[in-house]
Each structure stands twice: as structure tokens, then as C-alpha cells.
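A, B, C, D, E and F label the chains in the order they appear, each numbered from 1.
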């Protein structure tokens, strides 16, 4: 079976940002995303997700390495200073590279 | 500490398929799975998960490399043409290889 | 862009353990975590998550390799024998290593 | 009351207006979103309540009064795909799979449309057979089975087989699916408990019922509104079909209802059921068993065309037709 | 009303029949599923409502009438594990951990069983002390603490220690857990507000109450039904225990209730509480503090045997026993 | 009724007591947790119900009676940030962003505080203009827009620009956000349906309303309680501000209400609205458009100080003030 290397970018951030991040990742050249609600803790303290307004969301994007790098750079520039956010990259293997 | 390499197969697909995918992964030799509801977008458009019938589900399976390959091949054969679906593989390290 | 290697530890376990695991991971030197509810199946049978008391939770921790190893060892010692639990490690790349 | 008054009285009901609000929210991309679990909860509530009330009515009326019209209703549901399928194939140029899928949706029924119709009748103080929800219960599955068989090509070649895991899952869902199970289950319970049981649960299954429907239609409006953008993908033929099919099926249902001896209200309800298109049971079952069919066609037609048409104009139309018939 | 009529009237109540429907849905693997959040919501509602009503009743009756029977109820809960533990060890051959775990479940109580019993009494117009929900509130924790200590081996060797993080978490959950907190909290609120407060919230905490219970029992039926397959893992002894333990505890509760001066209805309720087994507070606390215990044993016995037994046969049985006692 | 009786009657209402219970649950770290979807569901219900009732009242009173006080209310909301901003900058030494953010919260309104006030008036049988929920609806957005502009520095330098994607998202949320949409939408529906529509949905939008509020305040208590630990991060100035700002705004609202011809009840409600601080619409919009502002300041002040102050002492205070004014 032919598997093709691709990058998975995972973003965990304030729920209020979801729409904006989805806009940004399309601007960076990604063709899809998956999102779900999470709770958690980090440097900005606990996010209990009790008020929907204090929610946390995890967004996963599979993309070509160049797109992933692009996206991470944009996140750093536009969001890292002001928002509770964690973003990381990892390696995955997909079957249909043209989808991403 | 002894860690053992294993494959993680992640499948994101229409919620209506969950039961069938779980059947298939057991047929392919996997011994467990984890699933949760997600929303997302991709080549088949947005999946807003508003109607439960339009839901999206993420299924994660840790398995031996051969089982993972097997599973991906089955998914490609049985589902890729007809359904909104993304499937990818990545490398993980587990402590109890006999569990998987 | 400068990316720094880090470990992602993923734990899937009985929901009843969430608070204790979060305590443990802070004791092991991790500075944050992300958690969400899942369903699944494994060696201890199906976890249908119907009774909240039978729930399943997935906990993700990004940490330095030494902390990750530490954490996995603690999980093995304190929980593996008595609880339904899966824990694995994988490689990720982050932008701000000092956060973790 | 003439047609215009009936339409007006229906359009200015909370239920229809909340539906319009939902469409507005979707179209303006407001951040209003119902939690998925609320949608499921409201569905469970509405189905259980309508089933239970129907069961109590069966207890009062006796099963002897119910079985014949129920059988007629069931037959109507199973037959609708048989004439919609060729129309969709020939006139609409749809593939076998798509035609079968759409036929399955239009033969099956929409519980919420039915409930909206009972509320309309109640609001204009028109009596109806309370056991009519039995028709709703028996009309859900047959058309799905017929439509799936057509879509899999039973008529020519036939890929239909019970060993296909998709078909197996789909049939189980169509027959034991949550819709049928809740409706028939609650109906059996209601018919076992009768009036005495009703007294104890009235404050839950009856008192808030109409308001819950209004809230649910707000959500349905959002769901339908999000699909409005798919209307252009669907083609002119399906747009027309989404209005003419309910009209024809609705009048057929009214006629049959009159013929089998139902009251004006009862005949209206049978008409509404025939006119309505399923957007819960059918989509899931069809998706699993006829995956080649494009769900955009059937869901958009059922949700974004036929559903709004029925709850706004269809219901008062079929009511006037039933009145004419009885006159 | 004799025993048979009582049983029949109970079996044909919406609540019990919806439970049966839930079991049916689980056994036939229907796709009906309650959202997790609906289960939690219904639990919160039922506990708050029953607590609030109890509090208003305490306000009316005065704390002087309540404290003695409440103390007796609490004592009964704490003592039950002391005799069930040795039985489970000796006759059942269970490990220390398993015996302690099961004993904790059977000494603690099930709020839903209690609520079903109040509905039964209401439906047959049998009066009872409305403040009886105070017994429910105080019986939840003691048995859990006793059972956990037994399971950790206080009797021999003893691994029980407050520095064990599992034990710490478990004790906090047992004493400050949501069940106790909602019940006692709402009860205090009700007793502070009295009748005037009740008037304002009656439309929410009273009007729909019985119907909500019916819906909840539908879900409980599914939860119990999914565990029916575990019955064979559990062994014959536990099957028998799951029926005889509630019988013995129930009659003991009825006796104590009569002795402490409760009405027929009140004694019935104390019997039902003693007979019931916890499936919410106990499982979580025991899992955290006695992880060596196999949860399949205690949960299956409590949920798939004792719970259905109590809501179907136990309630009318204990009621007839209470009547006999008063005669 | 004098001030003390009014305060006491308010403090011993189920709503306020359930709020206290929620705070207790949070502080003791009980495992009680409302599902997120329940919080959203209760919000949707409360906003829809209050909007619909307001709409029916507008239908009865005629829009002619409503527009002037509504305009005054709207103006008050938009002006509040203009004087709170300099106070926060000068006396509180807050950054531009933080001062604008806090000003936006205090100019905007809290629907739940308003609903609690209507319940208080109902419980003491004090009449009020039912259409007052129109004030609630129009007071939500203006202050957010003004506060955001101040926070972005329109007064000096100005980074405020509609091409900033954060600002765009924020404005859409402030104007088309779910709060405004549900309130105004349900209000329009209510004013189109009038009394007849109300009859059909009364069992849902009116009967359980007060009880639902009590349950919601239990959750609000937990949310506020979890933030109590942030009080020390917030500084003494903001603690004082969280009590004096509602006092001043509340009395201003009462005065304006009297001046524009509202009844005692109506003036009380306008006072409560002015005094209340938004914790739903404002936080999200401000977070998106003024990200440099620290949300701990505004949310803690609004939720953990001003909200409890208003629902416990503020409401009866503003009521007594309105009475004095009319005397």
C-alpha cells in the first residue's frame, strides 16, 4: 500500500476563536479541518468550559508540510500573544495525498 | 522503560458509519477503539453535525503495523468512494504491546 | 521556523479517574493538559459511556521527554493493574518549548 | 373558515414563525446553535409524547376502529415510491440510486410535520382521531424498504442482497430505528395505561407539548436554512418535485382518508403524512444501503423545500381539501 | 386493594412500562440512545425536585418530626453492609474487595427507586410523609463509607488509609458528591422557602415530575438492558442475592418504619430505600477507593437485578407488608 | 413593604437560594457539574420565553407605548461606557484595552438578572410593564460597540478598523449574536401572535418558567463560585467598582424610568438593567476584538461581584428607590 507523508497540525485554543482559525487555515492553503470541544489547563490557567464563552476547542488540520509551516507561522503572528493557545505539528501518513 | 512501536490509525467519517467501521476493524484484527463526535469540513463540504444524521465521528485505533495496513486497505476498498472520510496512520509507542 | 521536539502522551481511561490523573501529571512535571469524553472498546470490554459512571475520557499531555517517561511510569505503577486504561506516547513539534 | 383564513391562521402560529426565525438565523450566519443533544432530546420527547397520546386514544377507541385505516396508511406509504421512482428516473433523469433514495424519503413520513398539523387542527378547534399517530408509526418503514430496493436495482440487474453489511444495518435501522421504536413503544404503553396513566404524566407529555414544538421548529428552521445554499446544486426539476409531490400525495391521502371513513381532521392528517418527506429515518438508512446516492439531493428536497412547504401551506390546503370532500 | 391488584397497578404504570421499553430497545440493539447530557440533566432535575419538595414538607411538619426517623434510616443504611459483607464473603466466596464493594452498593440507596415508590403511592392515593426524601438524603453516604472500609480490609490487616489518594477522592465524592449535595441542598432551600416558594416553582418541580420520571426510566431500562449480557458472568449466587437482599432489607425497613411511627406510606418508603441499591454514588466512590473490586459484580447486581425487581415487584410488596403491619 | 422586608423576601426566594447552593458546590469542589449543553439549553429557553412574553405584551400595549422608553433605555446603555471608561482609566489605572472591555460589560445587560427581577416583582404582586423585555433586547449591543471602540483607542491614536477580522467577528456577534437574535426574534413572534398564540404555548413558556430560572441560577452559582478565587487577582478598586457601578447605574435607570413614565415595577426593571453587567454577549465580542484586554478583570467583576450583588441586594434596593420616587 502506498502511504504518503503529510503533516498534522493540532491547535488547542479558546472556543471563541474557532471561526477565525478556520478562516485562517483556508487562507494558508489547507483544504479541511476537524474540530471538537475539549477542556484543559495550561499557562493561562484552567479552562473549565463551564460558560460556553470560556470554552476550549481542539482543531486538527492535515496538510502538506509547506502549508503546515505557513499555518503555524500565521498562528504565531496573529494569536500567540493574546490568546490561550497551544499548537503543534506531527507526522502522519495518508493514502490520498491529493485530498490535502 | 520499554516502549514498543505501534501504529495509530485515525478515521474521520460520517457518523452513520460508526457501527460498520467498528465491525470492520475487529475483522481486521484490532482489539479496541476509541470514538468521539467531531465537526469539520473537507472535500465533501462542511459537516455541521446539526442533524445527528449529518454528524461526523473520529475513530482511533492502535494496532500492530500489519493490522493497520490491513485496516486502511479495507477502508479504501469499502468506503473511500462512497463516503466522506479521511483516514491516516501515525507512529506511537506503547508500554504493553500484547494489549493491541 | 524553529520547531522543537516534544512528547505527546495520550491516556484513555475510565472517566472516574480524570481528577486523579490530572493530579498525577502535575506531580510528574507537566504544565498543562487537554481532556474530552470518548466512548470505546478494549480488553476490559465496551465502554458505552451510558451511565456517566461508565464513561471514558481521553487526556492529552505535551511534555518534555523526561516528564513523559516519568508520567508513563507512574501510570503503569498506580493504575494499569486496576483500571481500564490505554496510554501511549508520540512525537510532536512545538514552537514555544518553554511552555511545556 | 375559508382557505385564506386557514393559511393565515397557520402562518401566524408560534410554530411556523419560530421556523422562520430559525431560517433567518441560519441565513444571517448568527452564532445561535442548538446543542446536538438538545435536538436529540426534543426528538425523543416529541415522538414519545405523540406516541403515548395516540396509545391512550387507541385504548379509548378500541383497536377495531384503528386497524383498517392504519393498514390503508401503511399501504399508501409503501406504494408512493413505486410511482415517484419512475418519474424521477424518466423526467428527472436521476440515476437509479438517486431516484430510489428520493422515493424512499417521500414515501416515508415526517413526525414533526404531523405534529404541526395536529397543533393546527387543535388551534382551530377541529376534532380529529387522536389515534392518528398510529398512521405515523406504520408509515415510516415500508417506503424506506421499497425505496432502498429500487435504488439497489431490484427492477433491473439487482445488487440488493441481505448479505451486504450496509443493507443489513439499514434494514435494522428502518425497522428497529429509534423513530419507530419510540412511537410504537410509547403507543403500546399508552394503550396499556389508558386514561389513568395519562393523568399522571399529562403535566409532562401534554402541558408543554405545543411550546416544545415551537422550540424544535426554531432548530429545524436553522437546519433547513443551512441547506438553502444547496438549492442551486439540486436543479429545477427537484425544486418543482419538492412542491408537486407533496401536493399530489397530500390530496391522495385526503381522498383515501375520506374513503376509509376518517373525520375531516383525520383525513387532513393522513394527507399531511402522505405529503411529508422523512428527514430522519430515511436519510440514515438510505445512506448506509445506497451509498452511491448523493444525499444532497434527497435531504435538500425533503428539508429545504417540502418541509417548509408543508408546514406553511400544505397543512391548511389539505384541511380545506378534506372539508370540501366531506361537504 | 390486595397484593395482586397492587402489583398490577404498579406494573401498568407509565414509569414501569417505559422501563420495559428501554430494556427492549437495548436487547434488540436499536439505535435509540439518550445523549449523555440528557441522562445527567434528568438526574439533576429529579434530585432537585424531590429534595425541594421534601424541604417544603419539613418546613410544614417541623424538624422535630423528622430527626428521629431520619436517624433511624441513616443507621439502617450504615448497618446493612455489616451483615451483607460476611454473607458475601462466606456464602458467596467473594474476595474482600468485591464483598465490600457490593455491600456498599446495597447499603446505599437509589433515588429513582424511591421516586418510583412515591409515584406508586400517589397513584393509589395512599398518603405518606412528604419529608421522607430526607431519609433518602441521609442514607446515601454512610453505607459507602462502611463498605469501602470493609473492602479495604479494616477488619483484617487493613489497607485503609486517608493518605491513599483514591480513598481521599472517594470520601469527598461520597460526602460532597452531587447526589447528596443536590438532595440536601434543595431540601434546605425548600425548608427555607416553604409553601410560598413552592407556589412559584410548582410548574417546574411538580407539574411535569411524573412524566420526567417515565422518560428517565426509559433510559434506565436501556442502561440495565445493556448489562443483561453480564448476568452470566455474575454467577448464580449474586442473582439470588440481588433478589433476596432487597426482600430482607425491605421488610426490615418497613418494620423499623412502623416502629418509629411512620404511616403506611412512610414505612413503605423506608422499606423501599433499604431494599434499593445505589448505582450512582456508590459505583464511582468504590471504583476510586477499592479498585481491586470488579465493578461488573456490583453494578450488574444493582442495575440489572435489584433495580428492576424493586420497581416492578418490590414496591407493591413492601406496601402490602406495611399495611399488614398497621392492621 | 419596607426595604428590609423586600430584601428578605428576595433572599429567601428559590432562585437566590439555588444560586447560593451553586456557589457552595463550587467552593467545596463538589463533583456536581451541569452539562455544557444544559447551560446552553436553559439560556435558549429563558431568552425565548422572556422575548415571547414581551412580544405578546407589545401586541397588547401597542408599539406606540413602547418606543420612547425603549429608546431611552438604549441610550442609557450606550452612554454608560462613556463615563465608566474614564473612571476606570483615571482612578482604576487600567490600560485602555481593559478599561474599554470593562465599560462594555457594564453598559451591556444581563438577561438573567432582569428575569430574576421580574420574578421578584411577581412574587410581591407588584405590576410592571410586560413589554419591558424590549428594553433588555435593545440594551445589549450599543454598549458593546461603544466599549470596543474605546478599548481599541478611538479616543487617541485608534487601532479601531473594520478590516480587523477580530473586530468584524465581534460586531457580527454583538448585533446578530444569539442573545439579541432570540430576544428580538421571539419578541417579534410574540407581537405577531398575540394572546391567541400565547394560549397554545403557555404550558411551556410560562408554567415552568420560574422553576427553570431557579435551576439556571444553581448553575450560575457554580460558574460564579469558580471565579471567587480570581477575586484577589482583580484588586480592591475593581471590587469596589463592582458594587458602586451597579448602584449608580441602577439609581440612574430608576430615575430615567420614572421620568419617561414607567410604573414602579417598570422603573425598577430599567434600574436593574442599567445596573446589570453582561457576561454572555460582551465577553465573547470583547475577547475577539480587544484581545489585549485581560478577560479575568471584566468577567470576574461582572460574574463574581456585580451579578450576586444585583440578584441579592440590588433588585430590592432599586424597587424601594422606584417606590420612593413615585411617592
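The definition used in the following text is that contacts are C-beta pairs under 8 Å (C-beta built on N, C-alpha and C of every residue); 3 or more make two chains touch, one makes a residue touch a chain.
None of these values were measured; they are calculated from a predicted model.
Note on connectivity: the fewest steps through touching chains from chain C to chain F is 2.
The chains in contact with chain B as well as with chain C are A.
Relative to the C-alpha centre of chain B, the farthest chain centre belongs to F. Judged by contacting C-beta pairs, the busier of the interfaces A-F and D-F is D-F.
The centroid of the Cα atoms in chain B and the matching centroid in chain F are 46 Å apart.
We define each chain's centre as the mean of its Cα atoms; on that basis chain C and chain E are separated by 34 Å.
Centre-to-centre spacing of chain D and chain E amounts to 41 Å, using the average Cα coordinate of each chain.
For chain E, the set of residues that touch two or more other chains comprises 33-37, 40, 207-208, 284.
Shared interface positions of chain B, defined as residues touching 2 or more other chains, are 36-37, 90-91.
The full set of touching chain pairs reads A-B, A-C, A-F, B-C, B-D, C-E, D-E, D-F, E-F. Within the complex formed with chain C, the residues of chain A that make contact are 10, 12, 36-43, 56, 58, 69, 72-73, 76, 80, 86-91. If you check the complex, the residues on chain B that touch chain D are 14, 16-17, 19-20, 23, 37, 48-55, 82-83. Contact residues on chain E toward chain F in their complex (touch as defined above): 35-37, 40-41, 44-45, 48, 52, 172-173, 176-178, 181-182, 185-186, 188-189, 192-193, 196-197, 200-205, 207-208, 284.
Interface residues of chain A facing chain B in the complex, by the touch rule stated above, are 1, 3, 6, 8, 22, 31-36, 62, 90-96, 99.
Chain D makes touch with chain B in their complex at residues 33-34, 36, 39-40, 165-166, 169, 219, 222-223, 226, 279-280, 283-284, 287-288, 291-292, 299.
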